[in-house]
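The structure appears right after this line, and notes come after that.
The chains carry the letters A, B, C and D, assigned in the order they are written, with residues numbered from 1 in each.
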């Protein structure tokens, strides 16, 4: 299996984890060709996760933009409320197959942690979730959801006390527990084989889009848009279309308070190549190679790294990446709620903004598909406190 | 033979286990770093391992994490660590290994970094998040310029890979006593003996030093008994640089450990 | 159209609303036979609402009970998070067809209000929601969701300041605005034709169960279980099976702090026949015919009346109804979260308890279907404050 | 002809518009209810409408809702309202109509309720949430025992149904001046004239009384000008029983309205 996308990716981990990653790679290779595994995963996707998710023609949003037809891929309707489900279910079943009884995971906003807790519950496994102290404080309800489903939540007090540090802590746990523990990484980053494996599990998004759009419009889209945190929902959306040269791809990163400030998470747009948490990719770092704190109003985008395949797609210009500010994202959060009755996750609101901007420039017979990676219920408190409405 | 290699063979000749002491550069402060390193040397360190702080020290436990944070707060950069080595070289010949994560090296530029290491007097590198199969270009540069690039091997490493590591490493092989991160209390695994043996079998000339969670003379003696050529003491010493201990305290602790490196084996 | 179910139902409303109800009845009669209307509704159900919802075989819950196989009908995966969607979408499209531009609705927990706001947004209509002052205070986030989607929320300060009073206020608004306003009632109660119409829109639940179970097991279920507030998710579950004499039906009412206390909402179990808010049905009332305050930990069950069809089904013994206490419901809220990774609405948790109790008594070759009417995210704060977990 | 019918025909004979006054039983208190009703009678009420409180008065605006709540807080039950009527009967012959929602009647038992009404001296019933097509059994009982069951007709009522209501009502036809609930300020719809006319055309003998939001002599005169045989004043009077006004104040207000019932028409 190729461990890299161009120069990006790799396996930059302590030696103690190398055997586990190799075992994971070979087990994953076998599983993905095993019809029994695929059938079991498909069963959970359909009967438990609520797949397939709709591809919804957003008539009013389209009229609003006055350009290309806008379709929304509704990952917000997945069980748990986000695309995180797709990856978690796949990996949890893989863990079970590997005989691991304990799952560990990092979480920022709490979405991946919740999804992991959920998968552990339904499969009868143990889950322990690492979460930065600051995130624990601002995502109280997601912490409670995890505990409710029986997971143990570890508050991480090291470093910036955010997602990045939760990942570090999860790696530290794994280094000590790797024999009986499966590290269920939440995005298409980290050491090989995670970027490939997570992308494969998330590619159900793009595969469904393809089929659904064929039925609805008889053709492939002109533009795919998704938000990029670690990059899993975006790569899941893009990957099945990589060979379709006429399909453009646009990733929306968090420009936070602006690309000219220190407060953003626009790794691909303004970051520089480096190595973090197992892989080589674009990073937010200072001149000495120290990792910077990321910022975004969307907790799921608040990560200074990005999945290596996106770095590759950027370099070869197969996909474009743009920054969307907190303010712009909040604007489309409200707009989509009012125009379509869909409250998107703040993360997804970044994609909505970027997608609308493009659609407005395109002609009426063109088609834009925006992936709504999750629902915004988790963000209501944040947006409420900001006084955006009333 | 490199300065590191010589340190190990000298110790062996004296029937001692070599003592490798780890300190974080810039802790408790940049000026006092020198003093702390020299205390270790006076206490009997055969090799000094000096930590280059990183924002995300994923292989380290709480003590070294805290030291990293402290060093970064003190404004320590890779450049400053190299300067520290340069200064040290005017006072001691002790072999110096820089222990630091890969990204700052990558950012500095592998080639430039290796060159600066050589010119300031660094003897070797340990890069805890750069496993053998990712270290190709750095290893090539190190070989070319005579810098040792130390590989780590763990209890979970399969035999074949352990042999590869023993052959690929230079200076010494870093044997991790147990799965996990630095620091904490290790009941040294009985399996350690087998690990040392398989390393020696794979590359008989290469010294094998055991590290992770070694904090007491008892543990040193136990590892000595298992055939380790060296022991690496990190968190236990770093803790002293964080808790306000004096360099004299540090020297005394190192001396006690050095004493254990000569003693009868098999106890503790 | 028959306005009654046995003696229950009818049209007990002020004369001013009679013409509107008659118009509604005839318009609904036409719509439900109009393929264009049905197609449009189906389109929204599938592409916007995420139907069909899964029928999930709950393996671990089944093992836990040790009796009949338990399937869960996953209305929690509907857009908005509850079965309320089915009814709201149907009625909102009907309102549009009738040329009404303004929707009004009552809401208790805020679920129906949220669903109405959502439908108004996606169809470009105005929505105004009546909600008791006490409910506004305890369902802050749902109030925000409604406002976010552009709805106006009226705090009702009359009477007990709860759902019942919100309904009164909505009727009062309607009496004055009936010419341009559609009253989008949220459950299978109220004056004819609401009980029939809401039941028809909700019957998609039972129709899907039938088809899905045929695929999964080749037969009809032995027992259907659903919670009963106003009764819409239950009647939607039951109705398509009424003619299948071998299918038993069980409605779970809120027994609150106990049927022997004054704090419950067990209308069918211990109420008496009367007339409230447009229909004759079982009610919680005192000896003078004054309506009593209902109580349940589940805000959506907190209603002193019940849809008339349930009163009829109870009398003819076609369905059974049992009370489930707050405590029992909280227990199954936690249990389902931990055993299946599904956090049910507190309302649905009543059905889970009743269903598990029955399943345990049945044999392993029998089948129980429990309708999970909604997801529990809205209830996390309540349960959290109760200190149920940790 | 019933006592109500006679009251309307007497008024007509005197070229007056009949004045129907509404009060909520038990407001401000059960003992003072009697005094308040008598004040209306002294002020010139031709018919008294007495509200039976209900927990959920869906057809009523804020004032009458508040009065309902007050009455229920005062412990008023349907039974007590009947007792109040019995007592009133020892002081006045004014026709009395009980205005109350259906559930308390249903709960009391329609048959028993009608019997008690007759025996205590009630002349008629208004049940605002019992439209014609739901009132079959109660209407039958009322007819059999000579109790008037008053129907309401509204501006939205289609012609045919308006005719049915005019024919089905007894005592008088309650013409609702506008869509909505009791109380508030109504600009009387010009359409009112048409409504009165169609009611008269459908059942010429039946008096037509207009109500909802009639609070001032001007409005009384306006309705008088539109041909109404009677006007019903509710919230305006109930408000006085809630705000601490004396029975003398109430009597004065009623007298002013009664004066408007005789005056020239067409103003306001």
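Definition applied: a residue touches a chain if its C-beta (ideal position, glycine included) is under 8 Å from a C-beta of that chain, and two chains touch if they have at least 3 such contacts.
Values in this document were obtained by computation on a predicted structure and should not be read as measured data.
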Contacts shared by subunit B with subunit C include exactly A
Separation of subunit A from subunit D in touching-chain steps, minimised, is 2
Distance between the CA centroids of subunit B and subunit D (whole Å) is 98
CA centroids of subunit A and subunit C: separation to the nearest Å works out as 34
For subunit A, residue numbers touching 2 or more other chains are none
For subunit D, residue numbers touching 2 or more other chains are none
Among line, ring, star, complete and other, the chain touch graph is line
One finds touching chains in the pairs A-B, A-C, C-D
Residue positions on subunit C within touch of subunit A in the complex are 46-50, 53-57, 60, 74, 77, 79, 81, 117-122, 124, 140-141, 144-145, 147-150, 334, 337-343, 377, 380-381, 383-384, 389-390
Within their complex, subunit B touches subunit A through residues 54-62, 65, 69, 72, 77-79, 102-108, 128-134, 151-154, 156-158, 161, 165, 176, 178-181
In the complex, subunit A touches subunit B at residues 10-16, 18-20, 158-159, 164-165, 168, 171-172, 175-179, 274-278, 280, 283, 285, 287-291
